[in-house]
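Before we start, here is the structure in question, set down as structure tokens.
Order as written gives the chain letters A, B, C and D; numbering starts at 1 within each chain.
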Amino acid sequence: MKTSASPLKWLASREGLYYLALALLLVVILPLALDPFRLNMVGKYLTYAFVAVGLVMCWGKAGILSLGQGVFFGLGGYCMAMFLKLEASTPEATAIQSTPGIPDFMDWNQLTELPWFWEPFHSFAFTLIALIGVPVLLALIIGLAMFTRRVGGVYFAIITQAIAAILTILIIGQQGYTGGVNGITDLQTLMGWDIRTDEAKTLLYFVCVGLLFLCLFTARFVQNRKLGRILVAMNAQEMRVRFSGYDVAAFKIFVFCLAAAFAGVGGALFTLIVGFMSPSFIGIVASIEMVIFCALGGRLSLLGAVYGALLVNAAKSGFSESLPELWPFLMGALFIGVVLAFPNGLAGLYQTYVMPLEARLFRRRTPTPPAAPATGRKDDGKPFDPMIDHFSPEKS
Amino acid sequence: MFDGYTTSELLSIFAMQGFAGLSLFSVFVLMALGLAIIFGQMGVINMAHGEFMILGAYTTYLTSNLFQSYLPSLFSGYFFVAMLLAFVVCAALGALIEWAMIRHLYRRPLDTLLATWGLSLIMQQAYRSIFGAREVGVELPEWMMGAIQVTDLVELPINGLFVMIIALAIALGVYLLMYRSGWGRKVRAVVQNRPMAEAVGINSAGVDRATFALGCGIAGIAGAAFTMIGSTGPSSGQAYIVDTFLVVVFGGAQSLIGTIVSAFSISQAQSTMEFFMSGSMAKVLTLLVVVGILMLRPEGLMALKVRR
Amino acid sequence: MNTVNSKDFLLAVEGLTVSFDGFKAVDDLSFYLDPREIRVIIGPNGAGKTTVLDLICGKTRATSGSIRFAGKELTRLKEHQIVHAGVGRKFQTPSVFEDLTVFENLEVSYPRGHSVMGALAFRRDAAVVEAVESVAETIFLKDQLDRPAALLSHGQKQWLEIGMLLIQKPDLLMLDEPVAGMSVTERKKTAELLKVITENHTVLVIEHDMQFVGDIADRVTVMHQGKVLSEGSIEHVKSDPKVIEVYLGH
Amino acid sequence: MGTTTTAAGRRPSGTRKGLRGSLWTLAASVMLASTAQAAVPPTPEVNTTGLAVTDDTVKVGILHSITGTMAISEIGSVQAEKLAIDQINAAGGVLGRKIEYVQEDGASDWPTFAEKARKLLRQDDVAAIFGCWTSASRKAVLPVIEQYNGMLYYPTFYEGLEQSPNVIYTGQEATQQILAGIDWAVKTKGAKTFYLLGSDYIWPRTSNKIARKHIDKLGLKVVGEEYYPLGHTQFNSVINKIKLKKPDVIFASVVGGSNVAFYKQMKAAGVDFTDEKPLLLTISVTEDEIRGIGGENVNGIYASMKYFQSLDNPNNQDFVKAFKAAYGDDMVIGDVTQAAYLGPWLWKMAVEKAGSFDIDKIREASPGIEFTKAPEGYVRIHENHHLWSKTRIGQAQTDGQYKVVYETPELMEPDPFPEGYQ
């Protein structure tokens, strides 16, 4: 990656400055400005940003709209919740149960031993692998079945939505194994470390921010490689890509799995930050709301997705506190507006209205800063646009 | 799973479950027909279809209240008035929505999906503000209550029969309209080749609006019929939307016959399974089978093989 | 590149049939291509010409029959595998990546890094730049490398698409109406281009323009209602009474 | 932001006399002991843990869903809790301090409940929280309440299997409702076979488990057990099964919108519940639900609960009158609404018994507290933080009210971890 070759130079570029600004906001400003309680809430919003970043890659770039991202978010979250629940269900802590040592809800449902698929979640290492592996595996299966048969567009959207519905009903119906509609609750410690204290919550917030940046850089790396260009090309001219000798299905599966992995990590962090996991974060409504995080930020912009997730969730909390009846109207208007009025979301608005001002400011102070990675061939007259930078190719 | 049932009981079970399935079938057909017209003919995903249906249901609820208050003597016939009103109200709103929103989104099916989802949120909250969050029930006219006793075990509820008749009548009506009328020819012409249809003087924008309005109007009738067997609440429509989309996709999006065949098979499968396992698992299994088949055969049951 | 015994055909299409809901668009079609041959398929609208190309490149699946190419059976392969086997296809309407520059268009088609991991690891090295520049030279776009493809003229886009095929170094190039919509000078240049290309490629062309056909074709296959009506040199088919009847009406 | 309102402040005491005549009587009689207090005890004495208590106010939290799918169910609880707070304030408050409440919206979303509970405890330092409705929301809130040592008064009848030192459960746990109901059906109606039907989540499943064990113990038979997803609206299959199995009793714990479809389809299938063939016994349909289902559709069904609006005792008459005066004549009051009303009163009595707002002291003082003026008649807090209460059987009438046909002679002991029923 070019950035690793000269990170300082990259940070001074315009794109780098945008990343710096986000880091400044998340690492310095918000922690200073907010009390631990509010900061914890921002942490929760940020876990959704993982899903939104995945959707930028999957939907924005490659044109694959999944209405089932909640499934992957939930699977990651449940993996983490299973580990934490087992840790909380020591024989001592559950001595009053008829079968001590198993999670309380199992005991209530007459289970007398831990189901086999819970066993591996005693291991933290396994849990870490599973919280990415399980979502990716499901994405792989769905992808193999659908993309190799050229199912795309609305069909894919509807089927992923159906999968979200199936998983929700299944989890609620199998409450002995899953905790049912209540979810997996009362999670206390992670490897002996109490995750409920303010210090722990603050630390988890920073872990979340760190992982989010890791995720952003991974996504940025992919989009700046030839792979990223193929994804976008595929979206516009799928047939030409195919007849240029690319296995289009493989690329779609890859990006879908990537998005699933991001969502899984987000879900696991959600469980840690919120302290429980329940089927209400998996279902149809939750999943489609995740799309709006991405759409509001601008479906092509990685950073936009983070801002989108933050803004929508903050607005949701704000409205539910003061004008609860208004929120569904606003949310509905947001869906319609983002499609009809500003399809490129905040990133698009920023580009249209703020960037020209910014450019003027820049010019007055210093000569135009060198645009992004020094380009040998980049001379197409277009201003370099870090928010919608799907074609900033890697050159060496 | 057949333990403990005698042969004659099993026969009755299948007969009764078959009928229960038919009742679900009617709901699916009513919902899916409107959706199939809009999706199949226009490529628009209308996620607010359930809310149009509920609009029809609320219209029926209001009509029934009006009749109860002002025309109690005619109460037994209110339903037919309500059905007509439901159609008109929903079709009118549909035409308005098409004009304000949908027409800007043709050829962007994923965007119609998101925009209509937003519309559905707004409509739901509007119902909640106007009618309250509580489910409302519509009182059935006397003649619609009770059941026809066929054998000792097999009884056919009259309201179920009635809804089924409505469903079939509308299916037939839609078929005649789409395949046997001049207007239907225009719609199909626009679907197959828009520029050519325009060239021969078809007002394609008008056809679009009418098609969308028709789909919404049928949803309204579905809602009216739905009050006979279910409850009407602000979010009742959402419960059906995924099932219905699966019905449409499973049937092959462009085929009305396919929609009906698929509605029939899905409802029968679910209903039969419901007898032998819990309702939740029956639903999971049905959906899984449908999704599984769609993965193997994405074009659906009745898709035409066309040159692409 | 596949090495082919010179006595063998490069492409052997035998008994090829495809039907859409009972309508046979291609009906028991057979023809053979020698290495380095330029073959033009002509025929009235709806004769099934484009469908034949679709079948060879895997866009459409055959109902029955076989397509053997350099010893491989193509009917069982997927599109990208057919490309890797050495078949390139240009579509009737130019389909280039409008958002990418000419350079990037050619680079994307460069036959390396076509797997997912390959595309992730792909770097623009000297070999790539050299290949791109040499092809650009051939397709008259050497000075346009940094322009987005969207800004090219119609004819230039057609050439670019041909260039995207050339850079894959295919054994067989299939072109669907390569000069449609071109100006007279562009047409001439395209004919020259094809001459250059055929020095080391086999080419299968669909074309209506008989003047152009006459300029380039080694042999001509006339299709009608999904079948071969006549085959041979341009003079031969022009004088074939069956062909005359089809073209001039009954 | 939550709204902070002095409940009494909204209705100046001067304008209240005609409207709340009966209220005065009720309040005055309850407050006999406390109104006599000469002086307000100083704040540092009654509040050693930094709660939001001043010399003349104390802050509590109300935490229910005002928006989302649960809003419809929870609104009655909010109204009842506010009414109780108003009445307590009118009678002089708690330890001489007026109750102020901070109301937060859980928005039918469980993490939101947890978040808001944390806010109420951390930011507002409330002395008690009255709230939650669904089990899921309580489960989400519970770790927070325990972590910050708060006090939650939870109003809904629920599945049991829980006993937190930081919660007072003012609704019935499952055995109280179920055992009495089934015993009644067996003794009075001679029921021998049962069909268990519920929505698919923890409360119906646990309830049916308890019911099944009890039926087994009595040597009777369960002929079917069935669950449907929440929101399911097609019940023809189960109706067919019921017809086939001909149970004496359908034991129903269907919730929400499904109820409307279920009863309507039963009725359409020709079942007249007044025939009692089969008899339908529900533990989930309160007067609130009947409003949505329609009285004509449930006419004749029986419900097993601790409270019906039609209960004939002076406490209840006052309560119903006050409730309607405050919120309108068309209001109906269900079991949970009444249980929610108990919360503030039980808290007040615990505070006064302990002579302190400190949570630990309230917890210790709570067991044994008796509320003789409860609308349901009389309740007492058990060692396990649930309430001793009577269970009643009511039969639904076409006007949407229940007619009480039976009442357990003794208070039912709450038993959240019933031996032999798990």
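As a convention for this text, contacts are C-beta pairs under 8 Å (C-beta built on N, C-alpha and C of every residue); 3 or more make two chains touch, one makes a residue touch a chain.
A quick map from chain label to UniProt name: A = Urea ABC transporter permease subunit UrtC; B = Urea ABC transporter permease subunit UrtB; C = Urea ABC transporter ATP-binding protein UrtD; D = Urea ABC transporter substrate-binding protein.
All figures in this text were calculated on a predicted structure; none of them were measured in a lab.
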item: Mutual neighbours - chains that touch chain A and chain D alike; value: B
item: Chain whose averaged C-alpha position falls nearest the assembly-wide average; value: A
item: Farthest chain (mean CA position) relative to chain D; value: C
item: Distance from chain B to chain A - Cα centre to Cα centre, in angstrom; value: 35
item: Between chain B and chain C, centroid-to-centroid distance (C-alpha), Å; value: 48
item: Whole-Å gap between the CA centroids of chain C and chain D; value: 77
item: For chain B paired with chain D, centre-to-centre distance based on mean C-alpha positions, whole Å; value: 38
item: Overlap residues in chain B, where contacts from two or more other chains coincide; value: 278, 280, 283
item: Shared interface positions of chain C, touching two or more other chains; value: none
item: Junction residues of chain D - those touching two or more other chains; value: 200, 227, 229
item: Interface residues, chain B side, partner chain A - complex; value: 39, 45, 101, 104-105, 108-115, 117-122, 124-126, 128-129, 238, 242, 245-246, 249, 278, 280-281, 283-284, 287-288, 290-291, 294-296, 298
item: Residue numbers on chain D that touch chain A, as the complex places them; value: 1-2, 66-67, 104-105, 107, 109-112, 114-115, 118-119, 122-123, 135-136, 139-140, 142-143, 147, 159, 161, 200-202, 205-206, 209, 227, 229-230, 417, 422
item: Residues of chain A touching chain D in the complex; value: 35, 37, 41, 44, 96, 98, 104-105, 107-110, 169, 172-173, 175, 180-183, 185-188, 196, 274-276, 278, 280, 317, 320-322, 324-325, 327
item: Touching residues (chain side chain A, partner chain C) in the complex; value: 222, 225-227, 229-230, 232-233, 236-237, 239-248, 250-251, 254, 377, 379-380, 391, 393-396
item: Chain C residues touching chain A - in the complex, by the definition given at the top; value: 57, 59, 78-80, 83-84, 88-89, 91, 95-101, 103-104, 107-109, 111, 113-116, 119-125, 145-148, 164, 168
